[in-house]
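Below is the structure I would like to discuss, written out as structure tokens.
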Amino acid sequence: MSEKLKVSIVGASGYAGGELLRILMFHPRVELKQASSESHPGRPIHSVHANLRGLLPMKYCKYDELENADIIFAAVPHHVSMKIMPQLRTKAKKIIDLSADFRLRDPKLYELWYGVPHEAPDLLKEFVYGVVEVNRPNIIGADLVAGAGCNATATILGVYPLVKAGVPIKHILADIKAGSSEGGKKPSEASHHPERAGCVRSFMPTGHRHTAEVLQLLGSTDPHLVEMSVTAIDMVRGILATIHVTTETRLTEKDLWKLFRDAYKDSPFVRIVKDKQGIFRYPEPKILAGSNYCDVGFEVDERTGRVVIISAIDNLMKGASGNCVQAMNLMCGWPETAGLEFPGLHPV
Amino acid sequence: MSEKLKVSIVGASGYAGGELLRILMFHPRVELKQASSESHPGRPIHSVHANLRGLLPMKYCKYDELENADIIFAAVPHHVSMKIMPQLRTKAKKIIDLSADFRLRDPKLYELWYGVPHEAPDLLKEFVYGVVEVNRPNIIGADLVAGAGCNATATILGVYPLVKAGVPIKHILADIKAGSSEGGKKPSEASHHPERAGCVRSFMPTGHRHTAEVLQLLGSTDPHLVEMSVTAIDMVRGILATIHVTTETRLTEKDLWKLFRDAYKDSPFVRIVKDKQGIFRYPEPKILAGSNYCDVGFEVDERTGRVVIISAIDNLMKGASGNCVQAMNLMCGWPETAGLEFPGLHPV
Amino acid sequence: MSEKLKVSIVGASGYAGGELLRILMFHPRVELKQASSESHPGRPIHSVHANLRGLLPMKYCKYDELENADIIFAAVPHHVSMKIMPQLRTKAKKIIDLSADFRLRDPKLYELWYGVPHEAPDLLKEFVYGVVEVNRPNIIGADLVAGAGCNATATILGVYPLVKAGVPIKHILADIKAGSSEGGKKPSEASHHPERAGCVRSFMPTGHRHTAEVLQLLGSTDPHLVEMSVTAIDMVRGILATIHVTTETRLTEKDLWKLFRDAYKDSPFVRIVKDKQGIFRYPEPKILAGSNYCDVGFEVDERTGRVVIISAIDNLMKGASGNCVQAMNLMCGWPETAGLEFPGLHPV
Amino acid sequence: MSEKLKVSIVGASGYAGGELLRILMFHPRVELKQASSESHPGRPIHSVHANLRGLLPMKYCKYDELENADIIFAAVPHHVSMKIMPQLRTKAKKIIDLSADFRLRDPKLYELWYGVPHEAPDLLKEFVYGVVEVNRPNIIGADLVAGAGCNATATILGVYPLVKAGVPIKHILADIKAGSSEGGKKPSEASHHPERAGCVRSFMPTGHRHTAEVLQLLGSTDPHLVEMSVTAIDMVRGILATIHVTTETRLTEKDLWKLFRDAYKDSPFVRIVKDKQGIFRYPEPKILAGSNYCDVGFEVDERTGRVVIISAIDNLMKGASGNCVQAMNLMCGWPETAGLEFPGLHPV
């Protein structure tokens, strides 16, 4: 086996950082070098990510102590990433960014959706947008990849078969059900268990930022084309996107089977789920926890021809860390599934 | 205080029947007479509804033992209700039906949505549709009321302010998140806890039967006008309807405030929930468990003018038993809120 | 009906304070006068307790604005209550304290379990310990009552039938399963939903403070006699105490039936739950949410004679606010159940 | 790498069978040969275990179609296993049984706890009891292993350090909190989501059958020595055993540290969890879902010397399938951790 590459993680005490650690410690081509955390420097990894107790004897370093590596994952908040990126580039040739800072090509769109001017606009064109299945050729061998937003990923993988085939789309409405880990690791009144447990909470009825990534996929800036509505439910991990799509011409389920099979025939992490019987007839995030799969399915309303696409992911895996490791595999010429074999649990 | 009326419940071992018992045992104008159950005849009420232990010394009778009463609630399954209704009418002047059998005016629509010919089509025109807030004048003093479907109720109370004001509506898409009690009391593989817990399950991506009730409210049979998509989540009670409405002309939030206030100013069980801060800024079913409130709110997407209406109910209360007791109150000329004062809990 | 008494609540933005508001707003003998909150002065009640939206047009005042009243409930943290109690006594004749500060007779025990010297030791002997069922004669007509700890209440009501009958007890081990609302309204890393959801967390394997109240009931200070172990589970409201009791002489289930019936025959809020069939054969907090019941049951191990007593309450109701309203009813000579009729929900 | 051995699973549509499939499909030394199911013959694996969709193209066979293999796992119900075992032995040299039928050495004890006479008593002495950590020398190279009960495993691994060191034990009380998957795959009224969700249900206050396995470990049949009490909570996977131990002589926490370290220094799947700070200071099943770890911790009550040992497992992994694969690894001379590397998730 070829020599292992040295990989470091900036911001490894957050939830996405924790998943990167969990995956990379078992990755056959990777040697974990450093994991930084500004909140827990000097503390053992398992003091935050208790599942790794006894498995990863590493301690968190401070960002300032970060040494050169072959690959760096940046799992820091939006706005922070663009500040440190120029310096990070001096420390590693290959960088995978999990923040929102390098997802949008156009710095004006960044300012529009994120409320501040972009601080490293020249770098935007160097980053490859990281939903692997829609951008595989550009990711293979790339040096800089921007991981996608979790809600964007679920939506994009749901509609991509239509986009890829050039089906004219009039409207996309993604009604997203999301778990609490999407909100990150910082406690708040809204995340306090007595308030958050059992909730079905309109978190963002309109105007979710990840809309911009879907529009970018479609090559459009028309806000009428894509709408996203996010509701928080009592779940820790997982996203279910119910995507209501209106097309110019009517599609049958047979058409959709063909489009989905064509789009994903070479994508090991996308499964088409559409059964006639059984409990799990449609995609469901419950059985994807910890896995890198995106399960997609669809139904056409017989009366109206309305297309409903259903897309499920683990927001921390295919929606963040898993997808970024998948990207790393392609950036380095490794097997796409390396380190990402865990299939999820049943029951759970 | 006036003499109490004798009330019996047919089908009182189901979930809606249990809620009728809970409410009516404390209702100031009602004397509970009989509660029938074909599955538990001779058994005490608390053997099924354990919350009523020690409070209601009544036992279940069989349907055949049902005596005359002033009011009868029929809480039996669809298809059964229309079979027994002619006989029930000989036993009580006032009947409130919780099944789907008498909701739709047109027997052809019943056959279309429920798959069998209606067996008592002549009775359809005698029943008043029972979402109280949209039909109050007809319910006052009525003898026969058909309780509405739970998902229909949530959707109807969300869009009624626009309908009432004559706002031209192009499209309604209700994306509904529903709890497990909506599926009733019979265990199945799908309701088995290890499979059902933690689920986010596309139960009915298209074509839910309650769509027909919303169309009936709109005076339309155009299936393109109203679409309903139901997703089961890990919750026992509660419905959140995220209703995406497209109108002919653009509405502002100020317009919506006016429409909603106008529509519900005399409705004690509908609250407008739209706050600028706090955790519960939008309607949420969590705090409605056991209450008869329907909380409604809305947001207009600044970019696109898209209207999202959010509507929350307890499916067994405002979506079934509570709403039917509210109807009974009006049928009998009693205060609309009698017996329905419980406000829900926080936290819960 | 007699004139209503004016009641104020100090610390009404906490969870117990919210439940006091919910109960008292419907109490037939009470007029809510003021509700203070240091964190939300000037804000409407429903900004914190969203279930009361539209029902209670009151706003929070500051503690300094508190006027005289007939009855004051103090729902402030431990240590704070003893500081303000002398002043509170000048504002109302009858005071019900929900904190731990006036539960223990002996100031030395307070210091032992709560880690600071008692600041109002002279008041201790004036307060009556407020588990109504074990102290009813002393509460009737009393002016000062100390509400009991929630875990203590569940345990005490479980073992009281044996204590009352003078059964010699060798050992009590209460293994308590508790919901997140027991920890109060302040967010923390431990209450953050992604960490707290799904947990089964040894919160206090040994040495829980409420042990002192159980020992006080038994007239003992021997720490070997009573042990309490608390585990946090994924539940918001509710306590289940599994109480393993060792007695000097062997008891049969028939003996226990007699002891429990004798102890609780005049207690409207304690139910004996021990069925041969059905799902809810033993006490369960799920169906008690919002109710003031304590359900108790028991089983004797046929092989060993081991007695297991099972006791379930809603920690915010019988474990706090409900029990204190029940005490108020007795202090004022009102019906014991006034305002406390809500029976809990099924299913939920 | 050595040639792979052919492994078949009898009863592979149950939950433990599903986990065996998930583990063994990635096991480096194993080739999955057949998976039988009497309820789903001819159906694809993923029709039951939806997590394995696209990963395991195998279909279920009937038991009658079972061919010879190198190793057979029997994951059938109690009573069934002892009926088929003589025939199974003709089909494979190495058999690992997950039922209760071959755990107890003494057929009289089997009859006492399981209510029927043992039908293959001669086989009992040939089976090795399968909690690996307490029986490793006997399992290495063995042909027949009986997997342990899940509640027994959690309890045994909690107390084993004391047993191994010969600490005289007066009493063990294991208060166990268990998830719904422990009850298996068959729906019932008790497992119906609206009834089972949110429950804290005394499933077995006394007399749980797994007690017999703990007594067997202790070399005792005195039912006073070990008591087990099982409470069902709202969780799918996982067991937390809070084990209250009374010893003849007082132990300090330092003593316990030494005992636990000695007992488990060579056991890769047992971790001692006892931290001074952080959220996960004690063992917790939440972070063990899908992993084969048993986390153990302890606390000594300073006042009384009471020892509380806390033990957490995934009931389907270390409590069933994971432990049995671990046993297989030793039976075959493979690395103990082969196929069992998944560390669990955080957050989840």
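The first chain written gets the first letter, and so on, giving A, B, C and D; residue counts start at 1 in each chain.
Here is the rule we use: contacts are C-beta pairs under 8 Å (C-beta built on N, C-alpha and C of every residue); 3 or more make two chains touch, one makes a residue touch a chain.
It should be emphasised that the depicted structure is a prediction, and the values quoted were computed from it without experimental measurement.
Undergrad: Work out which chains are contact partners of both chain C and chain D.
TA: Output, common partners of chain C and chain D: A, B.
Undergrad: Is the C-beta contact count larger for A-C or for A-D?
TA: A-D
Undergrad: Counting shared numbers against all numbers at the contact of chain B and chain C, is it over half, same, or under half, different?
TA: The interface of chain B with chain C is built from mostly shared positions.
Undergrad: Could you give the separation in Å between the centres of chain A and chain B, each centre being the mean of its C-alpha atoms?
TA: 39
Undergrad: Could you put a whole-Å number on the gap between the CA centroids of chain A and chain D?
TA: Roughly 35 Å separates the two chain centres.
Undergrad: Can you check how far apart chain A and chain C are, centre to centre, with Cα atoms defining each centre and the answer in Å?
TA: Chain A and chain C have C-alpha centres separated by 46 Å.
Undergrad: Residue numbers in chain A touching 2 or more other chains?
TA: Residues 15, 181, 189, 194, 198, 234, 236, 279, 284, 347-348 of chain A each touch two or more of the other chains.
Undergrad: Using the touch rule from the top, collect the residues of chain C that touch chain D in their complex.
TA: Those in contact with chain D are residues 173, 175, 177, 189-190, 194-195, 198-202, 205-207, 223-224, 227, 229, 231, 233-235, 238, 240, 242, 244, 279, 281-286, 297, 299-304, 306, 308, 310, 312, 347-348.
Undergrad: Name, in rising order, each residue of chain A that touches chain D in their complex.
TA: Chain A residues touching chain D: 15, 18-19, 22, 26, 47-55, 181, 236-237, 271, 273, 275, 277-280, 284, 287-291, 295, 341-348.
Undergrad: How about chain C: which of its residues touch chain A in the complex?
TA: Touch residues, chain C against chain A: 15, 179-181, 185-189, 191-194, 196-198, 234, 236.
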